[in-house]
Structure formats: C-alpha cells, structure tokens
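Note sheet for the following structure.
Each chain carries a letter (A, B, C, D, E and F) given by its place in the written order, and its residues are counted from 1.
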Amino acid sequence: MRIPDALRELEWELPHNFLGLDEKGSDFAKARVVILPVPYEATTSFGGGTGNGPSAILEASRYIELYDQELDTEPANVGISTLPALSLTGAGPLEALAELRASYDRLLNAAPGRFVITLGGEHSITSAPVLAWADRLHAEGRQLTVLQFDAHTDLRPEYEGSPYSHASVMSRVQDRVEIVAVGIRALTSDEMRLVRRADNIHVFLADDIHPGDEWMDDVMSRVGQDVYITFDVDAFDPSLVPSTGTPEPGGLEWYPVLRLLRRVFAERTVHAADIVELAPIPGFPAPDFLSAKLAYKMIGYRFDRDLPRIGG
Amino acid sequence: MRIPDALRELEWELPHNFLGLDEKGSDFAKARVVILPVPYEATTSFGGGTGNGPSAILEASRYIELYDQELDTEPANVGISTLPALSLTGAGPLEALAELRASYDRLLNAAPGRFVITLGGEHSITSAPVLAWADRLHAEGRQLTVLQFDAHTDLRPEYEGSPYSHASVMSRVQDRVEIVAVGIRALTSDEMRLVRRADNIHVFLADDIHPGDEWMDDVMSRVGQDVYITFDVDAFDPSLVPSTGTPEPGGLEWYPVLRLLRRVFAERTVHAADIVELAPIPGFPAPDFLSAKLAYKMIGYRFDRDLPRIGG
Amino acid sequence: MRIPDALRELEWELPHNFLGLDEKGSDFAKARVVILPVPYEATTSFGGGTGNGPSAILEASRYIELYDQELDTEPANVGISTLPALSLTGAGPLEALAELRASYDRLLNAAPGRFVITLGGEHSITSAPVLAWADRLHAEGRQLTVLQFDAHTDLRPEYEGSPYSHASVMSRVQDRVEIVAVGIRALTSDEMRLVRRADNIHVFLADDIHPGDEWMDDVMSRVGQDVYITFDVDAFDPSLVPSTGTPEPGGLEWYPVLRLLRRVFAERTVHAADIVELAPIPGFPAPDFLSAKLAYKMIGYRFDRDLPRIGG
Amino acid sequence: MRIPDALRELEWELPHNFLGLDEKGSDFAKARVVILPVPYEATTSFGGGTGNGPSAILEASRYIELYDQELDTEPANVGISTLPALSLTGAGPLEALAELRASYDRLLNAAPGRFVITLGGEHSITSAPVLAWADRLHAEGRQLTVLQFDAHTDLRPEYEGSPYSHASVMSRVQDRVEIVAVGIRALTSDEMRLVRRADNIHVFLADDIHPGDEWMDDVMSRVGQDVYITFDVDAFDPSLVPSTGTPEPGGLEWYPVLRLLRRVFAERTVHAADIVELAPIPGFPAPDFLSAKLAYKMIGYRFDRDLPRIGG
Amino acid sequence: MRIPDALRELEWELPHNFLGLDEKGSDFAKARVVILPVPYEATTSFGGGTGNGPSAILEASRYIELYDQELDTEPANVGISTLPALSLTGAGPLEALAELRASYDRLLNAAPGRFVITLGGEHSITSAPVLAWADRLHAEGRQLTVLQFDAHTDLRPEYEGSPYSHASVMSRVQDRVEIVAVGIRALTSDEMRLVRRADNIHVFLADDIHPGDEWMDDVMSRVGQDVYITFDVDAFDPSLVPSTGTPEPGGLEWYPVLRLLRRVFAERTVHAADIVELAPIPGFPAPDFLSAKLAYKMIGYRFDRDLPRIGG
Amino acid sequence: MRIPDALRELEWELPHNFLGLDEKGSDFAKARVVILPVPYEATTSFGGGTGNGPSAILEASRYIELYDQELDTEPANVGISTLPALSLTGAGPLEALAELRASYDRLLNAAPGRFVITLGGEHSITSAPVLAWADRLHAEGRQLTVLQFDAHTDLRPEYEGSPYSHASVMSRVQDRVEIVAVGIRALTSDEMRLVRRADNIHVFLADDIHPGDEWMDDVMSRVGQDVYITFDVDAFDPSLVPSTGTPEPGGLEWYPVLRLLRRVFAERTVHAADIVELAPIPGFPAPDFLSAKLAYKMIGYRFDRDLPRIGG
C-alpha cells in the first residue's frame, strides 16, 4: 500500500520490490528497467514449484548491496520498477500465452525504451516476449537472436501432449529467430538431429566448455546485433542452483557466465531478458540470491556506459 | 517389472501397489476394487503439490496392516488392483478432463462391477467420474447423490479464468446430481446464495457439527440411494492433514468421519469414490498414512457383508 | 507499487496486503481496521523465527474467503488497511520498544477510532500498545483489562538478562492493568506465587478447561469493560500451531477460543489486539492460515453489529 | 565438560542433560531418577530416524519449566541424572540386546532404588529392561505387568527376518510378563488371534476408548502391583506426534493419557519406564517437547507423595 | 502392475524403472544391463537414510534424456532391466550379506553376460558382489581389481562392534582383490599405516588430485584388466552430493570423474559396478539426479563400441 | 555428566565435545586448544539461525577422523577442550559484547597460552576477542592484524539502528588494528570509499582471486606478525556453505583457503581465531561438517611443528 502521509516518517521495512528500492528509485515513469514477475506454472515435469520463483527472487533481492564492485557503481540509480505479478488464465497454456503476449505488448507500449526483465515461472512463458520482440524488429527489417542459457534445448515439437510446454518453448519461436544456446547437456536425439540440420540454431554443449574463455569467442561469432536473453537457471551447475525441475550435473559456473554476459551487453543490443525455472527450495535460499544477483548484474552490464563511477 | 521366474524365490520388497499386495491379491481380472491414480495438477491456488498425492498415498499404504480390527476381517481379501498413474494431456484443463472422462468410461467398461477409488491430484478431476456415473444411472432412470467431504463448496462458476478449476468442480456437475457437502467452512457469499437457492445442494457446515452423532441423521436424510463419494482431504482438521492447498482450521476429526462413512456404505449403494487434494509435505508423511487408511476403511465398509470374520 | 494506469486492466495477482484487498477495500483513509506488522525478534529462547510471522500471516490471508459463514456477512467490507512492516532499531530492546510506542501513538493519532491489530514478532512488543491504551483510558478514568491467550504467564521480572524479553512482557505492564490469562500451562513457581498474591492477575490454566463452556463464564466475570487482547499463538494446542518457540502440549482448541472471543467482543469494548509468536515452519503453512483466520474472525466479531447479512 | 573453577561465574548455557539441571540437581550419586539414552535403530520399517530420538528429547527438555502446575511442585528436586547415550554393537540385534541387557543390569546394580527412564531408539530395546525387571521380581516371587502404550501390539514372532525387530518386542517378553496394551489400532490377524487366546495379554483398542474415563477402570483392573511402563509415542494421535515410523490415525490424546498415568503411579509400584520410537522431524520440534514433557510428568507422578507443595 | 490389455491405449505415466523404459526396452530376457536395487541400511554412522537411495535414483532416472550427447547415441538401446528391490534379512549383517551373496550369484547365473549395476544402500553391501566376481575370476586364474571411488578407505577391521559395517567393507575383500581407491580424504592413522604397508592397496588422495588429468595415468597404471567399480557417492564434493552420511569437503568434480570412467571402460573389462551411500534429502533431489546420470554414463561407456551413432 | 566409575566399561557414545574426545584428550588443564561456543544472535538481517551454529559444528565434529592425511599426524593429540556455550545477556548488544569481552579476558587469564577458537553466532561477537588481543599486544608495543575471511566488509558505521550489528563489526575495531579482508564481494559504496581511503584496511575482492596462488603472496605482504583470524563462513562459495544469512555467489573454494591458512599459520603468529555466521539448515549438515573441518585444519596448521608424523 501507499504509506499514508501522516505515517511517512516511521521506520518502515524496505519495500517488497526488486532491491527494496524507495518510491523514487522504483518510480515506473522514470525507471529505465522494469521487472515483470510471471509466476506461471502449468507443465513442469518433476516436482514443480516454479510458480514461487518470482517472489523468492524479489525477496532475496532486498538483501543485495546496491553497489557493484566489479563496475564500481550503483546500477540501481538507473531506476528499477517492479510490477506486481501477472496472473495468467487457468484456461489452458494457449490462452495463457496469448494473454501474456497481449500483456507484454501493452507493457512495451506503455514503457517504450525500458529494459524489461521477466521473472518466471516456467520456461514456456519465454515465447511471448521473444515473439513480441521478433515482430517489432522484423517490422524494421531486423532479425532477433535469442541467447539461451539452458541445460536443455527445449526444442521438442510437443511434450506431455502440449506444444506449449516448457520443453517446447524454443520450438515455438524457432522459425522466427536465430538461437544461440549455451550450457546444453540434456537433449533428445531428435533435438540433436534438428540442431545439426537447422541453420539458425547454434548449440554450445556444457561438455565442450573448458577452462579459458576461447569458447566465448565462438559464441559471440554466432550472436547477431539484436539480442534477447533467456536464462533458464538450470544452465548453472546444480551445486549453484539445485532449485530447479531437472538439475543436470556438469553445468556452468558463476564467473564465466558473468564474463560472457558482460561482453554480450557491451558489444550487442540486448532488448530484453528473462530468468526462468527457479523452483525455490524452502529453507534453502542461496539459489534465490544467485538468481536475484544475476538480474542485477545484467542491469549493471546493460547501463554500464551511462553510470558514474564511485571512484574514491 | 514382472520378476523373471528364475528369480522368483529371492526376497523382494513389497510391490509398489496399494497395500503392497502380491500378484494374486492385486490381479486386475479378479479384484473387486480398482485404485486409479490421477496425479493431475494444473490450477491449485496456493503452493501446489497435489501431483505428488497419489504416489505418497500408495507408498504409505504399503505399511498399513491388512487386518481391520473394527471389522475383524482383512478387507484386502476382496482383491485390490492398482493401475499405473494416468497422465493427462497438458493441452489444457478441458482437454485433460475429456481425456480423463474417456479413460474412466473405458475403465468402467473394462471392469464392470468393480469399486473404483480415484486418487488425485487436484479436485477438478472429480467431475469426470461423477458425470460418468450420473450418465450411467440416468440411463436407468436413477439419480446420483455426490457425498462431498470438503472444507470448500467448490461451487464457483469459474476460478482464475478457468471453469475447470478445483474451486469450480461442483459447479461442473451441479445440474446433474444431488450434492450433500459435509465439513464446509470456507465459501464465498455467492456460493452461499447459490446453496440457499438450490434444491439439490445440502451443506453441513463444520461450524454446526457438534459432539454426538445427531448431525449424521440429518446427513443421511439428504443422501439418496445411489452415491458417489468425493473426499477432499482438506475436510479434515489441519492438525490431521496440514498437507493441502488451503488448510482451514476447524475441520473434521477421524472417528466421526469413519462412523458416517460406515453408515453410508451400509445403508446406501456407493458406486465409486475419490480422495483428492493431498499435497504431501516432504518429511512429514502422517497425512499420507491417514489418506491411505481412509481408502482402506472405505473398502472395508464397502464389502463388510461379504467378508469372513477372523474370530478367535 | 501502484499499477500504472495504462496497465490497470491486465490480470494482476491479488495485492500483498491482509486478505489481498484492492485499493478501495484497503484504503487507509476509510478503513475501520488497520493491520500493523511488527516483525521484531530479539530474544526468543528456542529456534527463533518470529520475525517471519507477519509476512507469513499476510501471505496466508490472501487465500481466506471474505465471506464468514458463522456471521453470514463479509467483514472485509468495513475496510482493512495493511501498513508496511515497522522496522524497529537494533540498538537494544529498550530502545526498540520506545520506538514502537512512539510509532503506535502516532498511528492512533493518525487513525483515531480504528481497530488496530498488531502482528508480531515476539511477545515483547505487546507492552507498547498495551501501555498506549492504558494511558489513554487512564486519562479518562478507566482501567484496561488485558485478555491474554498464552501457554506461559510471561511474568518473569527478567529473562536471559533482559527485563524486555518475551518472557517478561506481562511484568512490564502488570502494575498498570488487569490481566486475565487463558490457556496457561507452563510457568515458574515464582510466577505462580505472584499470581496467587496479585489481585489484578487471574489465570485460567489449560489443565482446568474442560468440555462445556462454563469456564468462559468465570473468564468473563474477570474481564472489565475496556479490553486489549494479546494472543500468543502458543495458547493453541501444538497440533494446531507447532510453529512457535516452546510448543507446550495440552493447549486450546479452535472452536472454544472462537466462542470466547465472540462473547468478549459482543459484551465488552475491545480497543485493540495483537497476534504474536508465530514462527513459521517452511513448507508447513497450516498454522499461518489459522493465525490469519484468527485475525479475520476478530474483525468479524468486532464489527458484527454493523455488518449487513447476506441472507438468501 | 566440567567448567574450570576459574570460569564458574560466567554466564554459561544450561547443561545438556534432561531439563538442563546443574551439577547438584543432576548428581548421579544423589539423584532418584536416572535417564538412560539408547539411540539404537536397526530395523524400523518406514523412514527411520529413531536414533535421533534421545538427543531431540534431551534438547527439548531444557526448555521445560521445572514447576508443574498440576502437582503444584517442582519434581526436578528429587534429582535427575542423565547418562551419556549407550552405543550398542552393530554386530546384529541379538548381540545388541544382550549388550543392552548387561549394561542395564549393571546400571541397576550401580544405582539401586533409582527410577530409570530409558529413551529410545526403536522399540526393540524394551525387551532388555523388561526382562531385567521380570527376573528381579521373579526372584522375589512376584510377577511384572508391562503397561504398553502403543499403536501396534508388536506381537509378531518375527519381522523382516528378525525375531528382534521393533514389531516383535512384546513377543520376546510375552511368556515372562503380563501385558496390558493401550491405544492399539494396527495389528495383524495372527496377532489378534494370539491376543484372544492368551490369558496374559489384555488389549484396549483405541477404537474403543470413548470420552469419559470409564475405560481406565477396566485398564486398572488388569494391571498388577508391579509395573513397567513402555511408551511407544505412536500411541498418541499423529496430530500430536507425527514424528514416528508408522503414524496411525485415531490415537490417544494428551490429558486422558496423563490421567491414566497419574492413577497407575499412585495406585501401583512402577519400577521403571521407557519412551521409544520418536523419530524427530527436522524443523518440527513440537513432538520432541511433548515427549520430554511426558517423561517429566512421569517423574512428577512417581514422586508425588514425597514432594513439597509450593502453595502460595 | 501389468496394464490390462483393454486399457493399454490410455496415456499412462512412465514405468517406475530405471529411465522409465517400456516393457520392450526393459525386458529382462533381452536387456544387456540389469539394475539391482539393494536398499540395505543397518550401520550408517550419522543421520542414515541410505535405505532410500535406490528408490530416489530410480525416480530421478525417469527424467533423464535417453540421448547422450558426449557419445552421440542412446545407450538405453542395449536394454536395461530394473529388478525390484532386494529385501535383506534383519537378522544381522552377516546373515544379510550371505543372503545378498546368494541372491547375487543366482542373478549372475540367471543372467550370464549382463552388466549388473547394484544400487545401495550402505557400502557394506559391496562385499557380496565383489567376492562373487573375485571367485568367478579366480576360477579362471584371474585377479579382480576393485576401483573404489570414495571419501573414506573403509579399511577398518571393524566399526561400532561390527566387522560388516560400511566402514569396514574394503577390509572384508582386501585379501582377495587389488584395491585402487580414488578421492580418499578421511581415514584413520591405522588405515594409513595399512595402506602404506599393503602391496595390493593403492590410494589416490583427493588432496593430491590437481587440475589436468596426469593423475589419471597413475590410476590407470594400478588398475588390472578385470575390474569391479564401487562408487560411494561421498567421493564427490559435498557441493555436488550433500546427501550422504559424512560429507567431507574437498571432493571430486563431475567431468574429471567422467573422463576417468570413460578411460577405464574403454581400456579394461569392467564386469559389474555399484553406486552406494546416497542418503536422499527430502525436497533436494539434485544429488539423486547426479547419481542416476552417473549410472547411465557408466552404461554408455560400457557399450560405447556396440552402439550406433545418431549422426545428423 | 561424568560417568560413574561403576559404569565406565559400558559402551557409551562419543562425548559431545569438539571431535568427541575422551576426558583425557579434552582436559581443560592440559589442552593447548580451547573451543568457546558463543551462540549469540541478535541482529542478523535475513533468516537468522546463527544461534544454532556452535552446536551444529560440535555435533558434526564428532564424525571427523582425527588423522589428517595432509599433515600425516593426529592434531587432536595437542588436547582440545570444549567449554559449554556462553549465554550472553539479552539486555542489548552493547551489554552483550561487554559481557563477552569480560568473559573472554577471564578465559585468557585462566588459560594463558592456549589457542582459543570462538564459534559463533553472529559476526558481531568478533569485536570482543579482537579488542582483547589488540589490548594485550598493544601493552607489549605490538600491533594486531585481523585476517578476515568474509563476503562482506562489515565496515558500516551502524546497521538497522545499531552500531553493534554483524554488519558493523569491523567498524568497531578498525581504529585499533590492521585489517586484511579476503573473499569480499558485497559492500556499499561508502564502505568502498572507506577502504580506498584507509591505510590500515586491505581488501582482496573475490572477483580478483584467480586460479593460481599469486594472490596469496599479495595477501601475505599485508599481514603483520601478530594475527587474529575471523572466518565468516559466507566467505566460501554458497555451493559449499548455503547455510548463512546472505549467501553471495562467486565465493572462495576449499583447497585455496587451506593453502592460504597453512601459510599464515606457518609464517606468522596466530593468537586466536573465530568461525562465525553458520546458520545450519535442518537436514542439510554438509556445511556444518565443512565448518568443523575448517576448525580442525586450523588446529593442525597451528601446531604442525610440534606434532609427530605417523609415517608408515
């Protein structure tokens, strides 16, 4: 609620938004970043719980330091506005995704030029923002690259009877965008055949990512100028993020992921991003912190050039 | 798997079916009872987890004693066959319920005269078996009463955008059956108006259930000859079953529920039943045991007349 | 955050206030009830966690039905405004309680005539609102009775070196008010001697509360006209509320507590209340629901006369 | 460790013994009560964890008030000495029980006339102290009655290949003692036949225990003058004690159990007792508190006549 | 159960065997791999829970992709048959191991030439299959090497009174086989003296395993032609597998373990294997996935030469 | 308790002290190491639970092998005495720290020359032992360096209204000592400015710690001759220690920390140490083991020169 003026001076807790920012710092009209929570969960295979992802990330974010020592600045100063969580219809995944697409378009129109980070929820939600951006860019004669961090390619035509499952999300967008997928280590043979056949899908297996950052050059060579980042947290090694549906061993580590992200934001135009598939484990918040920090690092990298250094 | 003949004599664990019965005791061809697990979960409001209900009940059932001291007999001797869990399509609730209806009809045809207990999963699945039975009885000029144990009336026209939600399940069947609901203690004012207006809905509030069993006479006076029992485990007090989506204080106790059930089975024809909405809490199996025992008590009451006493 | 007008029509989740009420229903200017979360936790003996109590109660409250079938009305219509959580200083308990007292007085001045329910947090916070009310009533020549639901008398002069501990809270107010304590079942011999000696302390042991409501007449005979209710959730039996610091077996049940509360609200003037000492267990939300429902029942009883019946 | 004299005056935590008593109050030479932890766990069917029972009970006991308001006295004043936990051999259950028997005899000889409460651990350990007492009394021409609180009769000749399982413990002692079992609600038909046939086994089913205490008269009529109490905590309703291997619904409540125990201690000679089968659930300590309080109530009832009243 | 023919076409869940294979893919008669679950747990020191290991691994395996991108093939095509869990007698560890040995021999005779992976359960079970293979090879004049992945040497003559404990398992086989132990980082000084003295025990301390794979050459130089692999999951770093009895920091990582395993399977004859000591943590399944994947990687490496590539 | 002589020979569990040492090995008069548990918790921001840290570390330590393979010796032979936990006053943080300071001084006087490891508890407790040592060394004209392992600088002037918070602890000692902080990766811009300005604070960011040990040379160049080590376990990566208040990704690994510690103990005089901020997660003991092992490694490094090798 808005705090009544008569009670303003009391010592209230930090607001329940991303980073716990005050009204000014999170003012929708001025913020350059918008956080959109979409706690949608309909089809996750094992365990479930991604519906609790957004609120866990927001809660954890309130304990993150605003100062970023890598960049020597406070990225939060660009303004970060957190929307309430979007409730998608329970009428079925097709209807839910249509609703999300309409809501997302409306948000982009209401907030042109903002950097929107969508917090899932299951991975199926990604098709809505990706197609929204693909359409917008296409109208300008440009082509979107989806940079996908993930343990799975999510390229199945359908899964458990639904073409709108988390395991099919990249199939839903594949004919509209370039896909560069990093961290993959679980896929079907049909998916592998498709990957080998398709010109517009480039997969970097976790098995092939070695110490040293040479593999990042290869990734960058495949990423076009206009980028959407979808980050399934199961891309990380399960020692970092056990809180996900199908935790596959042999995943990505923290610092290499940051180095790649920093380079992508510096050398390309990243229009929007999402972080999905966190299924918080009660009493075990470390992965929620990591996911919140990941979002904040993206914001820092995105506005790195515009931010003043603290110096000292 | 079927154990290879060469390995039959080894000391295997109990089979993973209801009660851990051997092949003979769980032979589908001869069993008078069929357990149908339907771990469907699409629309639960808070927390979720009902998709794990059936496997938790089956696991717990393997530790139940076959002998029932109240009835002085072993009800398992009627034969109890446990089917694998039914996977419903992820295409949406309408499609999933249609699939369940078709599967259930097929099961009734394949197993005429059996007593089928469906294990949910969320409450929305109940409409499929109820309508299957309503249709069958209607063809014979008879009317089905649904005896509903529940904390909620589940009479909303729709919920979170879906008319097929767990909170709407009784709306889906209301124009086809008599409803007698026991243990209700959370409903909307619209639902209450509907209850007061409708001739075929009879609600017994948990608030009005007092020590002594007089209220059971009132319940029985509303229950017709042909009965389907749907048991949402949130009818029980949360001290007994905390493992459910919206645990409402002030619920039903164990022995009064048994006394009412015994009477219904003895004085009416119960065609089928379900137990739904158990959302198991990891490391806290007591409610899973209770739910499994509830199913076994129903079986004992259903075949009480046919079973030999142990005596002594 | 306030939802931007351009995005109003989207399907947002329920607001994160008590009961998830919309802006109108939770408007501070018009609401007759104010919920004040005080997640203060400094001295709890065993386990801790009461600092998570208010947010767990608020979260659970969003799933409560607004309609109350016992009263046949929607008590939420009186308007219920939820304040953000108050952050008390970490400088020490004396300073924290002074800060709470000042904030509480300010709130009463800003919102005269409202019914304030404070959500703890540990029991030590109770002394601030109790003394605020004792002072206000004393200025009018009236005497406050504190009706305390609790497993412990909390009458120690000090505990673990602090006179401001949760175990000493009633000592802090004892010379200013009448105390009527219900559900007590754990106290020191010194506390018992004090109880027997003091004219203004009346203890109703849980051991002596039998079926039937005769004991309630005795309670009512001790309760004066002006009442503050402090409800330590450990008054309930641990089967209902295991989520508390020292769960003592043999506690109160749900319906008798409601019957006593209804009578107190109907026959006395209850100026304010608090619910304290809930220490939520992750993954086990049933006691959080019960605590939220308890708050809502108090609101219903408080405004029972002013509320229209639904009828039907 | 013994605190060095130079450091005596510092503010140390309560000692880690039963009730957290100081050296004087827990001095083995003077204590009239001895607590013997036996965290033995070899054969529990489902889940396991009884090996953590003794330490959980001791930990919880440190938060119990020494004053008992029912008896208006501080039973701890009789002196209560807590031994370290006994480690039984892993060589097999036969060897482990022999080792326990030898240790228990040695303890009785070292501490003649003390009231020993053994804390399990699984129920199989009970045969050692029971046979120790049966032998001692038999030498004096007397007969021991075992008063068994339990959900199960534990009368199987063997279980999972072992005659020394928790499910067989009463079979191991049945030819040496009278058995009076209270709270039973799960047994095999063979066990029921045995119960009906045997003169020295008297079973009071939980199903038959109704409000009012008439059933206690029947129990008392079967209990001889010399008594050993074995308390399997699964005798309690799972709403009170979910933390046990096979939580059977429909169990005993707190106050009726206390009333029966008080009568037995007042009217018979109880030589020793045990509390077994608590399998603590991490983060859910309420049942550990209840078990600790149960032990303390036994001590109060045992020495009721010798203890001064606080009065006031 | 076998699904009745009339119900075959319904949408059933995946079968509850390793990888969720259908009847054909898991047909015992044709499968080249047999999974043998042995949930035996009698002597684990701290916490326990290894009895739940096999079922957790099997459950997790159902979500593993059949396609292996490292090998570009579907190893499951060799056929993998999962036996029900073996129940060992509770009569004591000696008897249990004898029973396991007899069962294992019978299995080898019934299924000659199959690759058997035993899933524990505690490590003590390993002696049965190891001695079975040592005897078989010895009859042909060959010598078995046990390649042991482990944090502990498990070379104690006895532990907690038992020579058949998990901590003694390698002592039970040491005079019959060569031992090559990898990942060791916790042992007694007696064990270290024995290691230094014994010609047939070769220990590779985790402390000495550095980046780069040179240490693998040393390991290979000690491994004979005929190999049995026993994999105690506590060999892995606790960040990967916290779910074990005594999680020792500084353990092995995923990819180096895979590289060593691939080499052993390619260059030696691995007759059988086991994976033991997983003690699943409820709500934390990542280590269960890892253990299941480990088993599947072993199968892939074992039949690498016989499997067709997917290509593309 | 001390075990009565008559019962000495029974098979008791390991004592509940650090490493489970017997009376001789833990005799306060002869031990060269003293473990001081201080389970103080008043101001932790998120979650809490550090009050359970000391007991979790002690419990886990009982399963650590006494033999250290890196040093080829049994460091426990120097004697390690574990004191009971210190109870600090609840009167406020200023009073609590004064009490701790007085107790710590008294301990140093009672046990001159011992190596004291304090187990927290929240980080705020560190100021007491640090200032005690700074004063002692200052009296001899020497200067103390605090080697701080931490994710946070803890240099805020005050936090949540208190200058004695865990987030301010280094501010409390900054004007008295040199600070060398390792593993830092979360700080405010004010803290960074202070670090850059202050001559006596040297921060090694986790971001800047690369493979290879060159950074350790830089650390050593800043560490003076007289050292106190304070180890906030959140310095470790959250994959190793998720059990802490604000788990920051990108932390330190096990072996590099050991290599640095070994060097500090070998080349400097470490007077005392503490390990703080462990907030144990129920059912997830791996971080408790790691913390216990960390303490034992420190003891080994501290007395490395005095200990005989096992050899072989």
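Brief remarks on what is shown
Following the convention adopted for this analysis, contacts are C-beta pairs under 8 Å (C-beta built on N, C-alpha and C of every residue); 3 or more make two chains touch, one makes a residue touch a chain.
All values reported here derive from a predicted model rather than from experimental measurement.
The minimum number of touch steps separating chain C from chain F is 1.
Identification of common neighbours of chain B and chain C yields A, D. In a homomeric contact, the two copies may use the same or different surfaces; for chain E and chain F, under half of the interface residue numbers are shared, pointing to different surfaces. In the CA-based superposition of chain A onto chain C, the rotation angle is 180 degrees, rounded to steps of 5. Looking at D-F and B-D side by side, the one with more C-beta contacts is D-F.
Mean C-alpha position of chain B lies 41 Å from that of chain E. With each centre defined as the average position of its C-alpha atoms, the distance from chain A to chain E rounds to 38 Å. Counting partner chains per residue, chain E shows two or more touched chains at residues 11, 87-89, 161, 211, 237, 239, 282-284. Chain pairs that touch one another are A-B, A-C, A-E, A-F, B-C, B-D, B-E, C-D, C-F, D-E, D-F, E-F.
The touching residues of chain B, counted against chain E in their complex, run 1-4, 6-7, 10-13, 15-17, 26, 28-29, 39, 81-89, 99, 103, 106-107, 109-111, 282-283.
Taken in their complex, chain E has these residues touching chain A: 11, 63-67, 69-70, 72, 74, 211, 237, 239-240, 254-255, 258, 283-286, 289-290, 293, 310, 312.
Across the complex, chain E meets chain F through its residues 45-47, 161, 184-189, 191-193, 195-197, 205, 207, 211, 237-239, 242, 246-250, 281-282, 284. Chain F contributes residues 41-43, 48-49, 51, 87-95, 99, 159-165 to its touches with chain C in the complex.
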